[in-house]
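Okay, got some structures for you below.
Here come two complexes built around chain A, the first alongside chain B, the second alongside chain C.
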Partner chain A sequence: MNRLIVSRTFRIGERLLGCHARHAGQEELRLQQRRSIKTHCRHLAYAKDLFLGQVNKAEVFPYPEIGNDEVEEIKQLVAPVEKFFSDDVDSAKIDREATIPLETLQGLKDLGLFGIMIPEEYGGLGLSHTIYARLNEIIALDGSIAVTLAAHQAIGLKGILIAGNEAQKKKYLPKLASGEHIAAFCLTEPGSGSDAASIQTRATLSEDGKHYLINGSKIWISNGGMADIMTVFARTEVEVDGVKKDKISAFIVERAFGGIASGKPEDKLGIRGSNTCELSFDNVPVPVENVIGEIGGGFKIAMNILNSGRFSMGSSCAGMIKKLIELTSEYAATRKQFNKSLSEFGMIQEKFAMMALNAFVMESMAYLTAGMMDRPGVPDCSLEAAMVKVFSSEGGWICVSEALQVLGGLGYTKNYPFERFVRDCRILPIFEGTNEILRMYIALTGMQYAGKILTGKIKEMKKGNIGLAIGMVGKKLRTSLGASVDLGLTGKDGVVHPSLETIVDEQLVLKRVADVLIHMYAMTAVLSRASRSISIGLRNHDHEVLLANTFCNDAFFKNNYWMVQLQKHSPENNDANIKKIAKQVLENRAYICSHPLERTY
Partner chain B sequence: MKGSRCLHQLKSLRLLSHAGRRLPPAAAAAGDNGALFRLHSSSLLGGSQCPQREVLRHFHSSPARTKSQPARFVQEEDKTRDKSLVAHDDLFEQVAKETKTKATFNKVIDVYTKRDIRRRGHVEFIYAALKKMPEFGVEKDLTVYNKLLDVFPKEVFVPQNFIQRMFNHYPRQQECGVQLLEQMESYGIMPNTETKVLLVQIFGEKTHPMRKYQRIMYWFPKFMHANPFPIPKQLPEDPVDLARFSLTRMANDWDAKVTVYQLPCTDITDSGAEVTLPHIVGIQSPSQMEALAKHNPCRPVFVEGPFPLWMRKTCVYYYVLRADPAPPEEKIEEPYDPERCFMYPLQLDLDLDRDLGDDESFDVEDLDDGPVFAMCMTSQGDQATLNQWISGLQQSNPILGQIPTLFRLGAGPRELQGVGDTDSASGTWFSSHAHKEEADPGEDAEAVVEEEPRRSQGVKQ
Partner chain C sequence: MSGRVLVGVKRVIDYAVKIRVKPDNTGVVTDGVKHSMNPFCEIAVEEAVKLKEKKLIKEVVAVSCGPQQSQETIRTALAMGADRGIHVDVSGKDYENLGPLQVSKILAALAKQEDAQLILLGKQAIDDDCNQTGQMTAALLDWPQGTFASEVSLEGDKINLVREIDGGLEHIKINTPAVITADLRLNTPRYATLPNIMKAKKKKIVTVKPADLGVDVTSRLEVLKVEEPPQRQAGMKVETVEDLVVKLKEAGRV
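Then we have the complex of A and B:
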């Protein structure tokens, strides 16, 4: 059953690819016209609707484009940044000395890279998500700088940008945009990663009611040592329906308020130039007007900040891989073994193909998502952004280590930058939400969305809405005829599967669901991009088609396999054994097998 | 490989020794065994039969021919056989008059083997020896078993042709060999290669004792590590160490922390009286501390015990600090807070109502046993001692100062340390325990509350 479904999906993809090669031009024109008129908030969400088995083609086809003026803008922006990174940034030195030199920071500030997305009225560059992603491709060439900038603008000042009031924006954003002030985002605590209930930092209203006093400590704060403005999340007492409750609130805290002490910078494996340290707050007085949003509303703000910051990792990784391909291909072409250059060996070729594939997919996903986010209204692209992050952080890690492998022993030495890339890259699956947590997020958010709609429909049907019932039957018919995608997440007659209530604890199932969806989205992005390239005749579009076909083929098989694993009692599914092994190992807190050399008699 | 190599070596050695024994029949044998024979004759047959036996020995110079015993001696043989069991027992008693040790046991076997080259009555001797082994404290000694097995004459009982192999060749001897292996089995002694070599030499391959050996070697290694909670052969002598070990074993929690509240020591008070302070060793895990901290202070906790715990042949007693299961109205499930996790929904907020017959839940009867907050072991299970434990616990669990603590103690284990008198003691404990359960805890709870928080003296019902 599932095999059929997925193969159908794939066929649709192929069909779309074919169709769009021919019709994309017209359709694109139509869509652009429509989009220019449309101003209200868009409700369509591509990735979420995949959970319902719906492919909202209008959302992803054609591939988002930027206007010609923006292309010009990019050209003007990218060249100096590229020049700066190739001439003035000494990544090896930053890594060695574990600090970014002041002149380098000044250079970044002069380029305006500290305020890429801050609107022009507040002194920033006011650029779109797409251009932000483009700039990140270059910035990512140095992990430390990328993390410093991301901590500053992707999360550090994002709170003020998306939830701050006019006065706060006017007061803080200009200095942050110029880089005079550096921002940090303070959420993680020793006892609290993603668990809001265990946040210990507390903000209490002073007696005169003008200040909040913040007490507590935060750990692993990027830019913690040099930040002047911090977005701090703390527990506050809020009265809800007459009952006093603790809720999370967000505050803008200046270092100048006093009472803030930063610990020793952490000695890290990678991104060594970025500053990560512990911050402790001791009765820091924060004026009431520095509360972001309303008091008790910090949870939503934190979630929004975290969700919005992730999409750029795709382009960052793609930029890094593109650079790595340049570096390693030169070596592969010149190094000779047995009178053959390395590039003639199949296993080396495979590595390059894989790097190209990964870069292509990441790029496609990142710019598709950025394009969606740039559309008017407030589109909810958090699911897509999380997908981009998971895919690119894992792909990036594999590519970087394969690139090192091409050089063999040389790559392992400090004479080459590869070991640094490997170390820097290792943080990607960890920060901005670990990939494990993001997979949970992807699967559960999607299921929540699909489940709501489906239960609603069933309620309607039970009430006797014959029209809807007929509609469902019709849809079922159409599904069986191959017109839409069924991901097998719905049970009989589209009913929510009875085990959905406990699905939250079935992490291995959720992981697979998330992986399937991530690959679906990746395939979509790749197909959309390739079909656009064909239809407007971009250079080397045949190569893109080749990459797209290869990736889709591969992803199709992987998805197939995962879907089969999701079936009940499928022999491919080893989950029960995996859980058992883990349980026994964890109970003993050790590897429990006897040594193979041991004897009993 | 190794086994067969050993086998070969041992065989050749034995052949050599056999040859040596056979060569000087009169001189060597008579000379060596003369002394033993005197001993033998005095105990078994009396002086008059002595010369006859010595004559007799010359007939059977080769062990291979033992089965073709001359008919005319059968009568005498029967006579000795009737008495043999008693006689062999006597042998043990006589040789090891003062001390019963491994050395004396070995000496008895030596005496027997050297006494008679034909090893007459060896089956009876082995049975007697097997019976005596625990007395000599060698029942768990593999070398002794091997030595005993060595008493069997070699190669005599090995079937030579298919008919012998088909039928039970020398059944008594085989049975005796099996019996020996069975005793090893019941004491948990695993045979080694030497045992195998001996069995092959004595009975040959594919005989009953050999099968028994193979079965033991099949099952013993399989069961060797069957117990996931192995107890060391030698338990710690020190009561504190023993308590530490048994508490850790019972708690089976890696995080549980053992605290020694008091080391055993003897003091002499001013008045000259000798005061022995008992040891108090307790264990508590962080999750138990957490559970105790959440305990409703209005509801009492109980110190209960002593409960027996057997560690091999030692019985130790422990006490628990526990509470009754919380009544259903006190069990408040934490409501789902949608603002709990920054990253993903912890619960799907779906309005799933079910049709009739959609209920897939099972009818499970849950018996709540009430939480156990800590355990302890002490050599003196009276209330004062246990109070000391509770006040020690109070340092890490300050809430104990507010919770009334009731002592429900049975008869102390003081008189129960020995293995022998456990039966009677545990009997009294159960009856007294049952009696004390009936008392109304309400009154006591109040009484204790008054005495809090300084728990200088607990409350006895």
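Then we have the complex of A and C:
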């Protein structure tokens, strides 16, 4: 691991801390006073300590192993799913007709793919996160099916699974597991996308106190047109210490309750076979027994649901890229130009190396995260899952585009699946939390954690616990390389620079912090996996070592560059200019330069 | 009648894999290569499970001869609906030399031990293409055989069979107990659904050795050499029949 990076990251946390210590008595992060991104400092897993410059080796080395039974099981489970997808799924047709044929849907239900993680006692397969990720590698070969299944089980019914009571589980899970009922997750509204806490749909308690009446509309709901069971989020009035407040609650709503209307399916660029539509709720009566968790606790549940579904994007993208490598290399090996096959040209070779590297990193991150989530206890891997999602969605988009490039004109036609993969992949950086929001989440959650820990340590220091202080300083000396990073967050004499209080608005800073952390987690995953492969002697482990080294090299330089950019007055930092340009363009709502052909004389 | 059916399943290299010959020409590369159940064995399992679903037979027992990995193949049969499995453990040199004669002796012994009413096999395996095991098993047991079956129906204690032969279709009626080998058009095997795979984990697989059945698996055949088929040569276009004759004479074919 890179000591330079580690020490510098440590210093960011320390500078932040400087501000907090000076604002005596203020324990809460200023960030949360605004109506902004909510972050909770829960029992986070591994990545949080990266913000403190610590690598908790015990959490990520060795790479998670699955039991012997599971190894056998995986082989058995994967075979029929692979067969189904290669023989009975016509992705071109699904894309063309913008719908998944009923026989295909039934085939998926029969295979048991609608209840992969639902416990066996409720009729599901009760499989672990790891096996779920493995199956997603195959399911991802058709984007529409992948999204339909994910909307159903990764988010649609997850609320019941993680926060529902026994009665709700018994009532709803069996039919959801078999696919008889399909689920949908209803949070987003026309006015509330990334800003999920601002939703306006309302649930008012009826006179007799037995029902809530839900009114409002939701947009971009996957499976919205065919879902029978929906997890709907709405504002409810609650009393907190005698004060009436509006808080979000989660409800299990059956279409059968009446009052629900679905709009027409959206005509999308990609994942066209997945049904996406508007839903309107008109005085929909929902029995009070259908509240998930507590009244007022809906937002937390929503975030937990979304956080838990993200990690599988790593394995989905990896599965898709692996398939693309097969398809594309066939072509590159046979197509000849200038009397050489394409595979002999450097720029083409680079594309294949990039695809292999990306698939390797995504797999490593996804299964490391899944392995952590499968550990007993309930570790909160939301930070890691977010990192996996950001890396995989962007890596996937680039790889798919480059794969199309290899085929040139042919790749651009509908005769080949590449253009469909490109269209299907464009949604990845958008849904399940936009990558912009997730970067904010990663940076802020980590910094909040670091801030808390360091505040604690500074308190100790103030109490006169010199030993601890020396320990901290000593450690820093040992790990630092002497160079100092001035983020410009504290000015002369330690006076707080105004920008620190609004760190949440310093998106360009946070973006780089998040990118550095994502790459550090990626490096961890890749090193952990390659070490395991060497230790147990997997086939082609030397290729893995090659991939791991190449990626880490590349990531190291990228991280360094970002760290350098983070220095406020560094020449590599164009942030001030970028903001100026953006301001002028946006004020005028147009490109403002005079045309180069104009004259003033 | 016991109502018990024995189904033989063989673990072979997957049909979609490109076969490569080992550099020492003693066999083909099997290490790290994808294996699965022989497609004709899948059809046999499907037929057996169908008969059970129609309540014409009571129990389906899947049998496979081979090393530890053969158990995976048995598990697939269990996931398709077989009730229990018997793994005849043959590994190493014995496994490399295992052929239809040895397997049919094993199946015959098992049929007697399990009091089977019917033995269902695939017509041939896609790795050795022998097309002998079914016939040999029937001969050893002195049972009637219905090979290349494309339709099977039970009628009391007799079986009506339609066989696909070179000349067309042959309809025969045979007594039970009997050996049937499945041909391509007999049925379309079902997918082993994930819930069934999970349920199959609870079904039993018993391991036995050939010696326990009193079978000697030494082979009477010795493989001398395995080589790739000759590369297909480029063809030549000729303008007239005379040219053709000249070229054929040159190549020494005429």
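We adopt the following convention: the second predicted complex is superposed on the first by the 533 of 601 C-alpha atoms of A that agree within 3 Å, B and C clash if a C-alpha of one lies under 4 Å from a C-alpha of the other, contacts with A are read in each partner's own complex, and residues count from 1 in each chain.
Here, a contact is a pair of C-beta atoms (placed from the backbone, for glycine too) under 8 Å apart; a residue touches a chain by one contact, two chains touch by 3 or more.
Computed from a predicted model, the values in this text were never measured in an experiment.
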Contacts of A:L111 with chain B and chain C, given as first, second, both or neither: second
If touched residues of chain A are counted for chain B and for chain C, the larger one: B
First, second, both or neither for A:R539, with chain B first and chain C second: second
Partner chain in contact with A:A196 - chain B first, chain C second, else both or neither: first
Touching partner for A:I503 - first (chain B), second (chain C), both, neither: first
Partner chain(s) touched by A:V81 [first = chain B, second = chain C, both, neither]: second
Which superposed partner A:T445 touches (first chain B, second chain C, both, neither): first
Which of chain B and chain C A:L125 touches, first, second, both or neither: second
First (chain B), second (chain C), both or neither touched by A:E72: second
Footprint overlap on chain A, where chain B in one structure and chain C in the other make contact: none
Contact set on chain A toward chain B in their complex: 187, 194-197, 247-248, 299, 302-303, 306, 433, 437-438, 440-441, 444-445, 447-448, 451-452, 455, 459, 496, 498, 500-501, 503-504, 589, 594, 600-601
Residue ranges of chain A in contact with chain C within the complex: 72-73, 75-77, 79-81, 83-84, 107, 110-113, 116, 120, 125-126, 539
Contact footprint of chain A on chain B as seen in their complex: 190, 192, 217, 220-221, 224-225, 254, 337, 339-352, 358, 360
In the complex, chain C residues that touch chain A: 32, 36, 72, 75-76, 79, 191-195, 197-198, 201
